[in-house]
Amino acid sequence: MKLVTARIRPDRLEPVHAALMEIGISNLTATEVKGFGPEVDHAEIHRGAQYQVAFMPMVKIESVVTDDLVAQVVATIREASTTGQADRSHIWVSGVLSEETGEAKP
Amino acid sequence: MKLVTARIRPDRLEPVHAALMEIGISNLTATEVKGFGPEVDHAEIHRGAQYQVAFMPMVKIESVVTDDLVAQVVATIREASTTGQADRSHIWVSGVLSEETGEAKP
Amino acid sequence: MKLVTARIRPDRLEPVHAALMEIGISNLTATEVKGFGPEVDHAEIHRGAQYQVAFMPMVKIESVVTDDLVAQVVATIREASTTGQADRSHIWVSGVLSEETGEAKP
Amino acid sequence: MNSGDTAWILVATALVFFMTLPGLAMFYAGLVRSNSVLSVVMHCVAVAALASLLWLFVGYSLAFDDSVGGMIGGVGKAFFSGITTDRLSGSIPEIVFAIFQMTFVIITPALIVGAYVERIKFSGVVILSSAWVLLVYAPIAHWVWGGGWLGDLGVMDFAGGIVVHTSAGVAALVTAAFLGRRSGFPDQLQPPHNPGLTAMGAGMLWVGWFGFNGGSQLAADGGAGMAIAVTHIAAASAALVWSAIEWIKFGKPSLVGAVTGVIAGLATVTPTSGFVGPVGGLILGAAAGAVCFFAVDVVKKKLKIDDSLDVFAVHGVGGILGTLLVAVLAIHALDGGGVLVESGTVGSQLGVQAIGVVAAVAWSAGFTFLILKVTAVLTGGLRVDEEAELVGLDLTAHGERGYDL
Amino acid sequence: MNSGDTAWILVATALVFFMTLPGLAMFYAGLVRSNSVLSVVMHCVAVAALASLLWLFVGYSLAFDDSVGGMIGGVGKAFFSGITTDRLSGSIPEIVFAIFQMTFVIITPALIVGAYVERIKFSGVVILSSAWVLLVYAPIAHWVWGGGWLGDLGVMDFAGGIVVHTSAGVAALVTAAFLGRRSGFPDQLQPPHNPGLTAMGAGMLWVGWFGFNGGSQLAADGGAGMAIAVTHIAAASAALVWSAIEWIKFGKPSLVGAVTGVIAGLATVTPTSGFVGPVGGLILGAAAGAVCFFAVDVVKKKLKIDDSLDVFAVHGVGGILGTLLVAVLAIHALDGGGVLVESGTVGSQLGVQAIGVVAAVAWSAGFTFLILKVTAVLTGGLRVDEEAELVGLDLTAHGERGYDL
Amino acid sequence: MNSGDTAWILVATALVFFMTLPGLAMFYAGLVRSNSVLSVVMHCVAVAALASLLWLFVGYSLAFDDSVGGMIGGVGKAFFSGITTDRLSGSIPEIVFAIFQMTFVIITPALIVGAYVERIKFSGVVILSSAWVLLVYAPIAHWVWGGGWLGDLGVMDFAGGIVVHTSAGVAALVTAAFLGRRSGFPDQLQPPHNPGLTAMGAGMLWVGWFGFNGGSQLAADGGAGMAIAVTHIAAASAALVWSAIEWIKFGKPSLVGAVTGVIAGLATVTPTSGFVGPVGGLILGAAAGAVCFFAVDVVKKKLKIDDSLDVFAVHGVGGILGTLLVAVLAIHALDGGGVLVESGTVGSQLGVQAIGVVAAVAWSAGFTFLILKVTAVLTGGLRVDEEAELVGLDLTAHGERGYDL
């Protein structure tokens, strides 16, 4: 089992979810996060003062998948989260020692 | 050290926290997340249009625990997060290489 | 690659981010979480009733960094998240099997 | 017809309607969990719409048409029959009086919403509120204001201490007891999800109450001005007393507490506002802040009834308190004006006020219980199932979610 | 001068302005995604400010100065020239009439905001709204209310079914079609981000509408009271009908649905409110609830136009419906009062009403399209780029974020 | 007694109170961090309640009872003594005048809240505001409106440019300087947590200001209508100017900027609204938008004072600006009406206005400083500790949390 984590743009959540559904991955946890990064540097203006805002609202998705599916899942997320413009998605994979789902219990 | 992660129903947070307290696990991080999954398929209606909504608000809890406690923690979470009805909790365990808490520093 | 995760006080996010920038870590994901812990025990009062509230709003930060930077990153976070008073930051490191960023793709 | 008086009552009509939507809806919405916030607003909207139509159909007539034995009005004014634009009621057109009164019949069942949040079926709200308007509100309004027996007896209720607050408060208590407690009551409840929203609703209620009490003078004159002054002072004084108690007792005065004090003061001064001066308002407000504060505790901890948003403790207790205190406070005149109680008659006036309270309590409790029984049968149980209660009414009853930020 | 009438119209002015800010702004803000919530509010603020100044500069004069051939007013009242404080218009000072009318010219282009949310350039909003006020609103207001040809023809439009709702609704449809659909329309849209906010805005619109329709009587009398009664009943009845349809069709009545019904009822009753009685309001409301409900579907699914917040289906269809039904409903009198249609003349009155509708539809559609063409050139394309649409207008157009909770 | 005038002032009373609760509370609440949102609302509620009672106790009397040497009123009207319902003040009952004025004493110290958000002790707010009402507001109100020396001198202040905005603005600046900066000022501050809430509050303030300025005419006539027209035009014009400056300077006009412009325009037009015509309003609004915009910068970047929500730059500067411009703008008449300055006397009137401003600035600054000194002793330091400031005042001072969504 592996945990695939990806940080994507909020508007890509819907297409990524749809793409994952198509390859049979229906389970997914999404969290609203703030992404800090070098490419983020817009300013907010209030009352004549500019606030440098270093982050963008992003969505983090997590899915625990079996080892054989990892490559396909990563590729699917990457593709579905890519827009015409600068892509800010970021994906990493980590190990899971054990998993159990609600279904498993009596 | 292991990281135990569980996704539970929002209303189970309180009982899960209480149950963990009882076995001596007082530290816990909870995050509001969106759970996507096959069993989620309700519709939202607005102005005559139905929106299929594929996710449910869930809570993700994380706790870093010593190895010997993992099994007990997982069992406690599973039990306290189970309701009479379809259970949607999902628990996984992953490795932690090192940990340090605020208390440790001078 | 390692994933460094830290739970810090919300008001420390800005200094931690600044400190990490200085050591060249510009990428960071921040999530608003609820931290439960033994040191949290304030009460909310409503209409003559007190509600014991077991959690504090905290921020979880995550950064995937190369192995050689882990120690420095952890130290930086610890330092920048420390206030004069009781520190509630909590940091752990876990392994990352693979990573890819948006930049990598064609 | 006096165009100044008419202008004022037209505006007062808008102000009192504003109290329910969005005022009360916001006040209540902020106090519940975030997964049932929309259901509370929906209850207020539905109750407002239903009460308005029922008032047109027959409610106004039952309350204000010629009395049938002092108990109820006739049906001669059903569908506002005969209320043409040039027909007067005092110095204003009767249609203006009829819609001003309509805003009272809107807010009264809407107040009860606070008793049954987070666990009632929407169909139950529809049936309960409709029946209640006709079987409880209309008769009591008739008794007090429409030429009925309580008015004949000399009961003093300037703007609805009996008709609105006592009757709604008691109905709330009965409904909450009938429905049972929310899961988690009383220790594991979640705190109000948005106290700021509650405070904004309270601000709107406070402003709207100027129309509620000042409009009840039915003229734009010094009496209306004095009623507003008294009302405002009572609200301010109750807020400060409530906050002071919290500050002493818990070390921190809360916003929810302060604005609950405001509402308690306003409910308490309602029956009295046209009969006393500003110092009377001061006393009433202070009494309201203290008495309602402790009433909240009694209902929750002694009676163990989950009257979720404290409708009885605030409106019921406040309304009764103010109704009884009229007899005492009105004699002093306290620099106010209007109809005053002769000092020799305090005792007998107090008796009359008590009769009014008892009658309203008994009628409201009895009929509310009866309506609940029937409604429970019609809806196959008034409560939603446990799963729906946990997930929240927004999604399960209305297919919507409160916040997608 | 009648001080009571003046007091009422001063207040009605405040009430109608309240409809736009914060009423309509909140109503619309709750319906969009959370990353464009501020842009919608900003549109309403900017449109209100622009329309106010243009009204002062020349708009009022074009609408209400002496008619030039029944088509448009002169420029003699530009900059409110000659409108001193003691100049009367009927029983009230003309300056009071002028500012009451100003609140109408504020809300009309603000209604159109609902058509172009989440994808228009702010510069486009500025140019489009300004031109529209002068080229569409002012002439149509003149035709109907300012001594123009439609008024001469005998068209009945009490408070703006033609002038406000039909003209804005049609402009919204044309604008939405011109601008194109939001990405994701119609299947992948996000639901309203804050339905509670929408409901609170609806409550404010409802209250404010008492001034809109009641103020259009221009006097504090039984006619104003009746207009408010009729207005309120229509809103309540439309809300219940809309909710009932949803309950039957989807199994759940939604809050957004109920308050959309409220607005549909209010828009529909607007042209009629001074001519019928409460039962007329009841009928209009029920018609509005049903017809507008299905109109929403037709626009979205048949026409496939992304009139995002259903401005045409609610205001346009409602306004037209009400304008036509006047001819039928006003004969019954329905216990109301005021100017009534003689029963023998229903057919001809219906014809006149239809002419009014057709003229407003044609003029508004034609000039809105023309304005859009020119605006698109001036702004280098009316739409923001795809990236900005996805990120949201708050950050990209205004450098702000809606919520930092 | 004129019932039309009375009706209008009753409503204006409601409108001005609405400005503070919920208007100003929402406006300010949206501008702070989400962990201190409730504290700001609580400040407004507490200040409103305290000021109301103090006004009753002795404030009204100090301001409006017979003058003691032109400096202060007597105590003959303490507890509204002698103000029976039939006692007149001009064409309206005196009680109506007293409560209309009460709404002014509520909003003035509430404006100061914006200076000390996120770091003051609640006990400090209570003491500071109470003392300020009696020691600063009541005397200045007496000087200008209550028969005092400034009024005798011929100072023109229609609705409170000196009494309300100058006095509050200066007090805010002094308080902010005394209290010190928030941690993070000026570079590391968080942006407003909910600009939409701020805009909604601004909308309510805008509507309420119709009562503030229009009500100050104390009659329902063309003068009231003109005051509202002028007020509205100034708000619109200031909003557009502020937005235009931002658009040019930063490339993006913000919502917070636009509505700050609205408030700047309204504050600036306040002293002038009854003396000029609509074109005067246009000019005042434009001046307000530009001057206050740059004043914000000066306070933040030159003076480096953390007047957190820009009370001085918007209200103080705006109030002073408008007070001085009266002397110039009122001569043109600009199609307005009322009391006008003879063209030969502009210079001397300007002198009188300047005396009024200087007197209010000096008195307010001096006594505010004195009160702060004493309050700091009584509260053991006005500021909360650093930890509480970081965690936020909601939890630490009131035991509540703003949002649990």
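Note that the chains are named A, B, C, D, E and F in the order they appear, and that numbering of residues resets to 1 at the start of each chain.
By definition in this document, a contact is a pair of C-beta atoms (placed from the backbone, for glycine too) under 8 Å apart; a residue touches a chain by one contact, two chains touch by 3 or more.
From a predicted model like this one, the values you see are computed outputs, not experimental measurements.
To find the repeat of B-D among A-F, A-E or C-D, check which pair has over half of the same contact pairs by residue number; it is A-E.
Separating the CA-averaged centres of chain A and chain B is a span of 18 Å. Chain A and chain D have CA centres that are 50 Å apart. Annotation for chain C: residues touching 2 or more other chains are 31, 43-46, 53, 94-95. Chain E has residues 2-5, 7-8, 11, 190-192, 220, 250, 252, 254, 256, 399-403, 405 in contact with two or more other chains. Annotation, chain-chain contacts: A-B, A-C, A-E, A-F, B-C, B-D, B-E, C-D, C-F, D-E, D-F, E-F (touch as defined at the top). For chain B in complex with chain A, the residues that touch the partner chain are 2, 7, 31-38, 54-55, 58, 60, 74, 78, 82, 86-95. Interface residues of chain A facing chain E in the complex, by the touch rule stated above, are 9-11, 14, 42-46, 53, 57, 83-85. If you check the complex, the residues on chain E that touch chain B are 186, 189-192, 246, 250, 252, 254, 256-257, 260, 293-294, 296-297, 300, 310. For chain D in complex with chain E, the residues that touch the partner chain are 1-8, 10-11, 13-14, 17-18, 20-23, 25-26, 29, 37-39, 41-42, 45-46, 48-50, 52-53, 56, 79-87, 92-96, 98-99, 102, 122, 220, 397-405.
Of all residues in chain C, only 1, 3, 17, 26-31, 64, 94-103, 105 touch chain A in the complex they form.
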